[in-house]
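Two complexes follow with subunit A in common, the first pairing it with subunit B and the second with subunit C.
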Partner chain A sequence: MPLLKIDGKEIEIKSGTTVLQAAEANGIEIPYYCYHPALEIVGSCRMCLVQVEGMPKLQVSCNTFVSDVSSDRKVDGKYDMVVHTQNDLVVQERKNILEFLLLNHPLDCSVCDQAGECYLQDYSFKFGNAHSRFDENKRVRPNEFLGSQIVINHNRCIMCSQCVRFTQEISGTSELFVEARGYNSKIAVLEDNPLDNLLAGNVADICPVGALLSTDYIHKNRIWNLKKQPSVCQDCSVGCNVDVFSQTDQILRLTARENLDVNGYFMCDIGRYGFHRYEEIDRVLQPMVRKGDSFVSADWETAIQKTIDLIKKNKSNTAGIVSPFHTNESNFLLGQIFKDVLGSLPPITGEEITYPSGFRISADRSPNTRGMNDICEGIVEDLASKIKTQDIRTLFILDDGVDRKLDDKWKKIIGKMDSVIVLSYAMTDLAKLAHVVLPGHAPLEREGTITNDKGRIQWLRPSLPVKVESKPDWEILMLVRNALDKKTEHFVELGEVMKKMGEKFENYAGITFFKVGNQGYSINGKSS
Partner chain B sequence: MKSNGKPKPRFTFEDPERVEQIFSQYPDKKSATLPLLHLAQSQEGYISNSVIDSIAELVDCHPAVVMDCVSFYTMFYTKPHGRNIIQICQTLSCSLNGADELVDHVTDKYKIKPGETTADDQFTLMKVECLGSCGTAPVVQMNKEYHESLTKQKFDELLAEFE
Partner chain C sequence: MATIVKSYEPTFWDKLYLPALMRGLIVTFRHFFRKNVTIQYPDQKHIPPEGYRGLHRLNKYPEGRIKCVACEMCSAACPADCIHIIPGPSPWDGGKERYPVRFDIDLLRCIFCGFCEMACPEEAIELTEIYDFSDYTRDDLVIDKEGLLEVYDLTKDQNYYTKKNLSKASSVNTSIDT
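Moving on, here comes the complex of A and B:
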């Protein structure tokens, strides 16, 4: 393996790695704009220039590859390459490059959405000059819509072309291109082919400056006011890793989080803007008990007691309905309560899309079908006919929430029940048919694990505070379970449920939040 | 490109053999983009959207990639222009030797500013950067030919040939 010396540090690294990757892997910072690990290297921003001994000019480290050299050409008799990233020459060159990049940049950080997570801002502070020597007028261009969700501020653009390469290589749709050249160059779309694919939102994520903006977030807030919580997208069974940005009890945006085993660096717009559908809904914030045609709110004790009474009335004719939208822990607990008959409603599906880069949007639009099937033994295949043959009179339902549009067939079946208990966060069609509604958490408020379709267990973390009297779903189920059977153990936290789950199911043995971590844990024993 | 309801005019090369010959010169299709664009421009006079679409189809890439290429080179015209193109060099030697006066002369004579075309489609006036003939400034490129050391009088004679 080639031996490198970067800033005096000896690094042994695989042949074919770039100097930039070698430095990054060893904690040496080299600034860059146009490089992206998932995209083709172009070396156009010149920000990552370093000095390589023996080479006449500074080299772009993103496109300089490390390889073995013959023994007579080794520096100091042992190094294959000696690189300087901090010497005067490099430092001066960075200043010059930044001065060029800022020639036409408006420096409007105070009104720019990227401020706070802008590499132009960060590197200018770190490596740039405080003052510009440029006296002439800056080039000014109006903003343009590239697609329905993406707007471009041409003045801020530094022409790194990451967005263009993204549409060419990742989405394969190739809407974006660089129009004209030099001073006149700008990112453009053809008039009749706007940037409207389902991965379009990613270009706003990968833009290192504030040029590409998502209309969904533009001028909504400042990034430093937001709480950033790593979590998992729950809009299809792929389970893309995301960061959820929220302020108090409002989610403002979702961005993709790197996980090479699941989604790479990107996410789709279905997930990105999906959180809006939890915003204007009829939330259930208190336990509700039916009284005639309407509901009255009750306290938890009454609601749980009522639930127990309803279940006990028809003990042997009660079925539980688990949900692919809920966590493994909730489904597990429900499965433990209703061992006899356990089912689920028909799956919610959409179009399956696979992009040339391998990025996938699954046809199964529920996040945890795999986990639900893993963790619940004996889910009946045809629940509707099972209800008939077993003469089921009581249903305990984990509600799928706003995504579940109840068809007439199921409305009829549920309407015929003696009693229906629904655990839901919203007054859905299903909850409206219930006799008791227990207020649980909405998807981005939940904590627990879900398993994606490739068998990777991932950690859902709550991104929003608990609302009014709602309780975590697993806690509600535990209360029901304990009230039904006084002898069962009492879980005080989610970890204990996971432990119990692991005792029952081999695949889930030893799973803890620590083990799952930010990158998930594959039950196949290898990365999926 | 997606057509918004109405069918677009399709562009076809008049000389399919020439197209085949261009393709045979390159190991991969995409390399033929530039020569095909030249061929199309010599046929159509400019690169229209339908030219971009059909070349994209021929070289097997997206229209945006062809447009990227077209817009990079200043000698591809994306708008229709006159039958004759007057390109007047604007760089140092020519400027010092009266290139601006030649521009004004055309503007006065045909009432067209740089970038514009006469009403009868006879001339299009363009200012261009260095034509590489500084020793014989000022230089005007008339269509594909250079005319050097021009004076107003010589320029008038030249223009008369094309009127």
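Moving on, here comes the complex of A and C:
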């Protein structure tokens, strides 16, 4: 293994890594724009210049590889490479590079949506000059639409070409290219091939400056006003890791969070803009009990009592319907209440898309199908015939909310029932047919674990505050369970449900939020 | 250590009280012939000095465009957290692409420190000399964008109160409808 010395710190790292990676892994900061761990190295921004002893000029650290050298060429008899990242030469060179990058930059931070998470701002502050010596007129170009969702502000662009490499390597669609050369170069698309693939939103994410902007977030807010919450995307069974940015009770945007075992550094536009469908919906914020043809709002005690009465009328003829959209804990508790007959809402399907980089959008568009099947044993395949043979008269349904359109088959099933209890966050078609509606949490308000299709348990964290009288789904189910059978446990927190779940299912044994963490926990390799 | 206080035995003149009264009246009479420092508020308005930090205003360009670009520097600098802005793409062509759709200042929260003025990169928000804007409800003391632009029209040419003092008739109602 080659031995490095970076700023006097001895680092042993395997041959073939770059100086930038070695420094980053050891807590030494080297600024960069064009480098991205998932993309090819181009070394075009020149921001990561470092001095390597024995080399005549400064080297770009992102493209300088560490390797063993013969013993007679070692520096001080033992170092394969000696690197300086903080000496006067490097510091001066960084200043010069930043001055070049800012020559035509409009410095319109006050209207730029990247301000606050912009690397030009950060590095100018840390390494740059306070003043510009550029007296000439700046180059001004109008904004352009690259695709239906992406706008480019050419003035802010620093030509790092991350977006170009992204469309070439990750999405494989190659819409973007660098047009013209030198001073006239700019990012462009062909007219008949706009940037409209399902990964297009990522180019706005990876842009280190505010050049590429998503029309969905442009001029909406400032980044320092938003609360950032790590969570998991719930639009397909891949379960991409995301950061949810919200202000008070409104979600402003979703960005991809790094998780090399699941989604790498990126996410698709289905998930990115998917949160909009929860915005203007008919929320249920109070327990509702049917009175004739309409609903009246009730308090929790009455609603739970009414639920119990409906179930108790014919306990053995009641079935629970679990959902691939709900967390493992909710499905587990419902499975515990209705052990005999358990049905499920069918998973929602779409087109399976796999990109050349291996990025995948699953055909199964419900987030927790795998978890539901793991946790709820004996889900009845053919519910309609089971209802006939077992004479089911009452259904307790975990509703998928706005994601689910009620089809004729389910309408027929529900039409046959004496009573239907629905746990839902919205007044969906299904909830409108119910006798009791219990208000739960919407997808981005929920807490719990979900299991993706590769068997990775991930922590779903609440990104929004609790609304009015709605309760967490697991708490509602626990209240129903307690009321039905006084001997059952009273859980105080979600962790206890997980513990209980672990006792029943070997795969989920010992799962805690701490163990799952930000990066998830794989249950593969264990006997099922 | 205890302090020893010597008791003072009043003399005849002290007991009469008249010399002390005269000394006091001399001060009073002296002030008779000096210039008045009080003014007849609210008929007459105090004119604050330049740099006085009163009610806010939002400046406009001569062609009528609002100067603010909704960068929210003022609300970030505000120690009382009283400025609430909702930005949006500007309806005007050319130049600045962003403007405030809503711009609310909660005057009851505001401590009139002037940090917003200092933070503003566009010289859009300024504190004016207006000090009498009391109202009856809390809601009325949240001034919105239209109100702030109206304050600009009232104060752009000359000191707000100079004008008020000139026209005595309008000096009865000074509250600015927000």
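Following the convention adopted for this analysis, the second predicted complex is superposed on the first by the 524 of 528 C-alpha atoms of A that agree within 3 Å, B and C clash if a C-alpha of one lies under 4 Å from a C-alpha of the other, contacts with A are read in each partner's own complex, and residues count from 1 in each chain.
Here, a contact is a pair of C-beta atoms (placed from the backbone, for glycine too) under 8 Å apart; a residue touches a chain by one contact, two chains touch by 3 or more.
Fair warning: this is a prediction, and the values are worked out from it, not measured in the lab.
Undergrad: Overlaying on subunit A: subunit B and subunit C, fit or clash?
TA: Fit - subunit B and subunit C, as placed by superposing on subunit A, sit side by side.
Undergrad: Looking at A:N193, would you say it contacts subunit B, subunit C, both, or neither? Reply first, second, both or neither.
TA: A:N193 contacts subunit B only, not subunit C.
Undergrad: Once the shared chain is lined up, is A:V111 touching subunit B (first), subunit C (second), both, or neither of them?
TA: second
Undergrad: State whether A:K313 touches subunit B only (first), subunit C only (second), both chains, or neither.
TA: neither
Undergrad: Is A:K138 in contact with subunit B, with subunit C, with both, or with neither (first, second, both, neither)?
TA: neither
Undergrad: Could you tell me if A:R222 is touching subunit B, subunit C, both of them or neither one (first, second, both, neither)?
TA: Only subunit C; A:R222 stays clear of subunit B.
Undergrad: With both complexes superposed on chain A, which partner does A:Q168 reach: first (subunit B), second (subunit C), both or neither?
TA: It touches subunit B, and subunit C stays clear.
Undergrad: Thinking of the overlay built on chain A, is A:K9 touched by subunit B (first), by subunit C (second), by both, or by neither?
TA: A:K9 contacts neither subunit B nor subunit C.
Undergrad: Give the angle at the C-alpha centre of subunit A formed by the C-alpha centres of subunit B and subunit C in the superposed arrangement, rounded to the nearest 10 degrees.
TA: Approximately 90 degrees at the subunit A centre.
Undergrad: Would you mind checking which one, subunit B or subunit C, touches more residues on subunit A?
TA: Touching more residues of subunit A than the other partner does is B.
Undergrad: Which partner does A:L176 contact after superposing on A: first (subunit B), second (subunit C), both, neither?
TA: The answer is first: A:L176 touches subunit B but not subunit C.
Undergrad: Quick check on the superposed model: minimum Cα to Cα separation from subunit B to subunit C, whole Å please.
TA: 28
Undergrad: Provide the residue numbers of subunit A that touch subunit B in the complex, in ascending order.
TA: 164, 167-168, 173-181, 188-190, 192-193
Undergrad: Going by the contact rule set out above, which residues of subunit A touch subunit C in the complex?
TA: Subunit A reaches subunit C through residues 109-111, 115, 143, 218-222, 224-225.
Undergrad: Given the complex with subunit A, which residues does subunit B contribute to the contact?
TA: Listed in rising order, the residues of subunit B that touch subunit A are 1-4, 61-65, 67-68, 71-72.
Undergrad: Looking at the complex, which residues from subunit C come into contact with subunit A?
TA: 69-73, 76, 87-89, 96-98, 121-122
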